[in-house]
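Labels run A, B, C, D and E following the written order; every chain starts at residue 1.
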Amino acid sequence: MQVTEYKPLIVAFCCNWCSYAGADLAGNNRLAYPADVKIIRVPCSCRVNPTFILRAFQRGADGVIICGCHPGDCHYTSGNYYTRRRMALLFSMLDYLGIERERTRVEWVSAAEGAKFAATMNDFVSTVAALGENKRLEDLRCKK
Amino acid sequence: MKVTYFPGCTLRTKAKDLDLYARRSAEALGIELCEPKDWQCCGGVFVSASDEIATKLSSVRALIDAKEKEQPIVTVCSACHNVIKQTNYAMQNDETFASRVNAYMAQEKNPPLPYAGEAEVLHFLELIRDKVGFDTLKAAVKNPLTGKKIAAYYGCLLLRPGKVMAFDDVENPSIIEDFIRALGAEPVIYPARNECCGGYVALEDPASAKKKSNAVSDSAKNHGAEMIVTACPLCKYNLVKNGSSLPVVYFTELLAEALGVKEV
Amino acid sequence: MENKNERRKEQILRMSGVNPKKCMRCGKCSGTCPSYDEMEYHPHQFVSMVESGDLEPLMSSPSIYKCLSCFACVDRCPRNVEPAKLIEALRLTVIREKGANHLLADQIPALLDEEMPQQAIVSAMRKYSK
Amino acid sequence: MQEITRNALVEKASALLADGTVGRVLAWKRGEFDYDVTPAVFQTAEELARDLVWNDFCGANFSKYLIKETEKSDEKVLVFLKPCDTYSFNQLLTEHRFNREKVYVIGVPCAGMLDVEKVKKSAEGIASITEDSDKIVIETLFDGALTLDRASLLAERCINCKSKKHTAYDELLGEDGEVLDSARFDEVAAIEAMTPDERFAFWQNELSRCIRCNACRNVCPACTCEKCVFDNPASGLENKAASDSFEEKMFHIIRAFHVVGRCTDCGECSRVCPQQIPLHLLNRKFIKDIDNFYGEYQAGAEVGSRAPIVDYTTEDLEPNEAVERGDDNA
Amino acid sequence: MQRIGVFVCHCGTNIAGTVDVKAVAEALQYEPGVVISKEYQYMCSQAGQDLIKEAIKENNLTGIVVCSCSPRMHEATFRKTAAAAGLNPYMVEIANIREQCSWVHKDIPTGTEKAIILGKAAVAKVNLNAPLTPGESPVTKRALVIGGGIAGIQTALDIADAGFPVDIVETKPTIGGKMAQLDKTFPTLDCAACILTPKMVDVAQNDKVRIFSYSEVTDVSGFVGNFEVTIKRRARYVKEDICTGCGLCTEKCPQKKVPNEFNLGMDNRRAIYIPFAQAVPKVATIDPDYCTMLKSGKCGVCSKVCTVGAIDYQAKDEYLTEKYGAIVVATGFNPISMEKFDEFAYSQSKDVITSLELERLMNAAGPTGGTLLRPSDGEHPHTIVFVQCVGSRCASCAEKGKEYCSKICCMYTAKHAMLIRDKYPDTDVYVFYIDVRTPGKNFDEFYRRAVEEYGVHYIKGMVGKVSPEGNKLKVRASDLIDGKQLHIDADLVVLAAAIEPDKSARPLATMLTASMDTNDFFTEAHPKLRPVESPTAGVFLSGACQGPKDIPETVSQAGAAASKVIGLLCKDKLTGNPCVAHSDEWMCNGCSTCEKVCPYGAITYQDKEFRMPDRTVKVRRVASVNEAVCQGCGACTVACMSGAMNLKGFTNQQIMAEVDAICK
């Protein structure tokens, strides 16, 4: 019997207009990426509250990625610009607290970039898998 | 008002007049020129390659001296001004260059604090325009040069690169014309005033330099000038050497004359 | 050989800080250059030849010593390409590779005259030597 | 020692009460010991004369109290604000948290406040404390009188004072000062310079002491929510006590994030923390990053300014670069 | 507690091939709130939908989860299904187990496990769903067109044609815009005035159109279908309804030295003036900067000569507030200043002119009566140099010009060159170009005619410097094809100045909360599919305010904008998207942070009375969201620190429930 390899738990927030459609396109083109990625649909990347990210980590996620339209292409014109500032500050803070910077990421994926979506997820999963389990941000109560 | 004054080597030799009259005029205008101790030649030309460090260190030393004295650094020679101003700009905007320069400077006997382009670099003309004011100058004139038709010759060093020098409108400057007016004379506007005299090739290719110089002096003459005024020893040399039919004088000489301090 | 030329091109671009890809081939530099007629290759050609890696002919051409460094092309270029800086980098590359000055010190006295300011001599050395 | 005397404050306040300009006065009052000065509302000249204090322990920032105080009656409230307090004052006005018309601000110059913990550490059995220019004289029960350098007892936020300039006042006692060049980001830079493991250990050590008393939140002039998310069962974040190793981190990160671009760096959070957690270092990290990433911004420097967190340019740096940029700063 | 039904779709083998759908249905039936869990071959088929409808009715379901393809595919389908069974359509959630599961994962255990987790997340979310009803708002059946150039005129005419009233607001004393200043138009060379002035008359005589000239928009509030706009009518000191436009006053006014902006300052007008003969409205205007009566109270000549008593020196600016259902922006363009391009000596010689100035010099109504004469000495120019791309296609860091191509210059220069060669065959015409761009119907043919039939010298290269020497302009330029530097002694140099959006556009965009690009052109809702709509609902774009355009393109865009407006005004009511932000007023601090991030201006603040628990009444400043304007991005929800602002359909609680379900 093979030893089960470590499977990270990844939460991906995808904006409805670009990145969620990009993920659908990856599916249409059968571009595989690990099942460790679970997508939550939000109207815009600017809907992602830092609280959601911390909550995911608290409940045992090993990595959180936020995907939105490319800057300048936001369906709501400016949402991803706010995301960019909020996440720049949040990620810098997490790094400051000594939490591995590779566990959080923002990527801009358009509705046409199915291949980029799959490649991004493959890369992110392997990066997080290499880090191993999220010990620094886990919640002792909830993690099995 | 005290300023750090960088004379440059040409002003010690071939262009003594430029220096002498600058000193006399400054005194008349109540400006004290403080020469940095042990200044060295600016290098004559700013080598734009960003990996050229050594040739720019003498400018940095002069700049640091000015920074430490909290004075603007003033030059009269266009070439020195161009080199020092461009060096200062590179110290402000090119991080790699600045860190390499600062590494060199740290090797000096009394290493200064890292320099990041804090000093203010002014040409003598800018000093008059921005710190003294042309109105004050006008009031200080004792012998107005009334009736003289003078062509201002900028050349390239004072103006370009425009983004760095920020001296005046590169294509349509007015500072020397305003200066001439303040001295009571009449400026002559002619299109070649910001063309190059061929300065740097004077040694290498005198024929080319002659062509460029003559274009300038002819243009000034055709527009009715009686005299050309310049801030640059090399421009003066080129114009005169190549047979300018108009006399070429330094702006400081005119200034000293108008202020009544030419002869003491 | 190929590699040497590539390295040399990279070196020139790095020294000068010029990105020849920004050039849109308008020719304003050549329309503005006061030394155009003395040159075999003209400012816009410097830019395009460096971009295509055609460095040998440029480096062996007297044209690089005809540039007055007057920076008119730099100021007027609508794309911020700064041809004069590129020419200067080419000149320096020639001199550095030759390991000697373009003008030799003992050649200079013959070229001098009584009135020539220091500035010209020093800058001639600086501009054409390393 | 403070430049303005206590009596000057009492006289000023009494006069304004007497002529009806104000109805109440928000000022500092002596506590049980000389060093535990507390905020208080005064309504009569007698109370003022008896209880008002103005000394090196008047660290409390009254800006936040104005939200409730201005609602209590139609009369104006007199408030004494130190330079750093005025930044919080302006920030609250930016957020429309009270009516400016109902406040009469007297700016008081500040020579820095003392750190009560440093004072307590330097002397046991403190009976009284008196100030004498740059010296502090502590009468103790056991060791007699101790004379200490005032500078050695200054609070961290006052050593790194960012401004001696009042950004808001109706009337100023004494001379106004200037915005200062402070070294307040040095400590942040020192943490940035650590390895990630060291940083984690540092914060683990600091934050694990948190007892979730909420003092930092309660004192913070930026934390003025009608209902705090941490008290609101519907928010999904409500939690009265740290229940796991991450809980307190989550609390502090979210709290710091909620005041991004709003925190004026008044330092009250660290002052009141009973566990001496350097909470200001979280807020300052955000302030430092904002300055680096988006240009310098001081919350509360003026009323109505737009904080960088609710603004953007199309050329902003990417979040992934932000972390790397942080490295270069280190 | 909700009563939730779960419906797992096989999608043939699309899902069932990689996901054990039975196991998914089984696993989900024990989730909180789930009362029934079924799987079926094709849920989107009629039979599948019937199955859902029956289950809803039989089990009194309050919410459903469909585990199927992407919600972008069939969310609308299943919402309709739910509605048909009497369930609120917003009680439907989709778990995407096809595109984001079965199609991207290989083996059944992995796919099944993930499908179950996605299903659980959807169940967790639907547990917190609430029925939502889209809001409705009425539509004011009147349109506003801002800008009275050819774009605004055409849009207004088309809207009026469909029977809706339209107002045009124009800042100048007359409509007509840039086109009124042109001489001929390319590529047909018909006279601009001949085709424009009839349209100006049409618009003036159309009883559906009101023209507010010499006016500007100062405030906009409201939202699509319900805008309220304040228009400032600047005092023109002449009663518009009385003035007959006889022009007597403009002949008698003693103040003769006012630079005439219509001729770009190349001649003078009086202090009381009518910009040009065909102006609409044809009434006089007093220029308060020059009128001696207004400045010093002495003169009054115009009032004395006016036979109808139209002059009113006491006039004041007036403000007027109107309601509109739709707004069209048609603010147009201007050539950029040539100040920073003085290598071409624009400020040093009168004989260096811009192309728009050349239009006036060639126009029969211009300062020279249509004869091409040098501005400096009134002589005929014999050598003319045209310089292309002055300020266009500049690197963004050059800080002088514009990065974009101004699009119209190549063609109007060909036109100018051709007209000059046609009228004055003894003239040498040089055109210095970088590229000649002629992508339009009959455009390249037109340009080739200029070269081949009219003998215009087209030279690939750029002018480096223009030096005024005596009465000549010495032009130094490169000829890249011949490899020469050219020196031309020209009599006239014409600069094809880049064009930029009118300066009024930026403040207007702020008022409209319409977005702009870095060049201050209005951005369109979609660059390809919605080119005449701004991202702000109810605001439409016409003409060069959206990007450089020639006349045919402007007119077609004007028509397109009009048709969009008509489409909107035809509706009696607008139905919104119910997934919008909502503020919990009890929790709101009134801090205005959310308002700052809202790209639509959907959030306003108001002081409201609240009955407090202690029975006192307190006035509090709270945010309120205009649901008709909110587009539901959620930017405000994160800006709000108290959590008072929430997004319906994507609440904090719903998203956190999904996070928890995934991370369990």
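Throughout what follows, contacts are C-beta pairs under 8 Å (C-beta built on N, C-alpha and C of every residue); 3 or more make two chains touch, one makes a residue touch a chain.
Here the structure is a predicted model, which is why all the values come from computation and not from measurement.
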Chain nearest the overall C-alpha centroid of the shown protein atoms: E
Remotest chain, chain A as reference, centres from CA atoms: B
CA centroid of chain A to CA centroid of chain C, Å: 50
Length of the line joining the C-alpha centres of chain D and chain E, rounded to whole Å: 47
For chain A paired with chain B, centre-to-centre distance based on mean C-alpha positions, whole Å: 59
For chain B, residues contacting two or more additional chains: 170
Residues of chain E engaged with two or more neighbouring chains: 343, 465, 597, 639, 652, 656
Residue list for chain D, restricted to those that touch at least two other chains: 229, 236, 309-311, 314
Contact pairs between chains, per stated definition: A-D, A-E, B-C, B-E, C-E, D-E
Contact footprint of chain A on chain E as seen in their complex: 70-73, 96, 98-101, 103-106, 110-111, 113-114, 117-118, 121, 515, 523, 535, 579, 597, 599, 631-635, 637-639, 647, 650, 652, 655-656, 658-660, 662-664
Residue ranges of chain A in contact with chain D within the complex: 50-51, 54-55, 57-58, 71-72, 78, 81-82, 84-101, 104-106, 136-141
Parts of chain D lying in touch with chain A, wherever the complex brings them together: 188, 191-192, 194, 196-204, 229, 236-237, 243-247, 249-250, 253-254, 256-257, 260, 282, 285-286, 289-290, 293-294, 308-314, 316-323, 325-326
Complex interface listing, chain C residues touching chain E: 22, 24-33, 36-37, 42, 44, 72, 76-80
Interfacial residue positions of chain C with respect to chain B in the complex: 14-17, 34-35, 38, 65-66, 68-72, 74-75, 84-85, 88-89, 92, 103, 108, 111-113, 115-124, 126-128
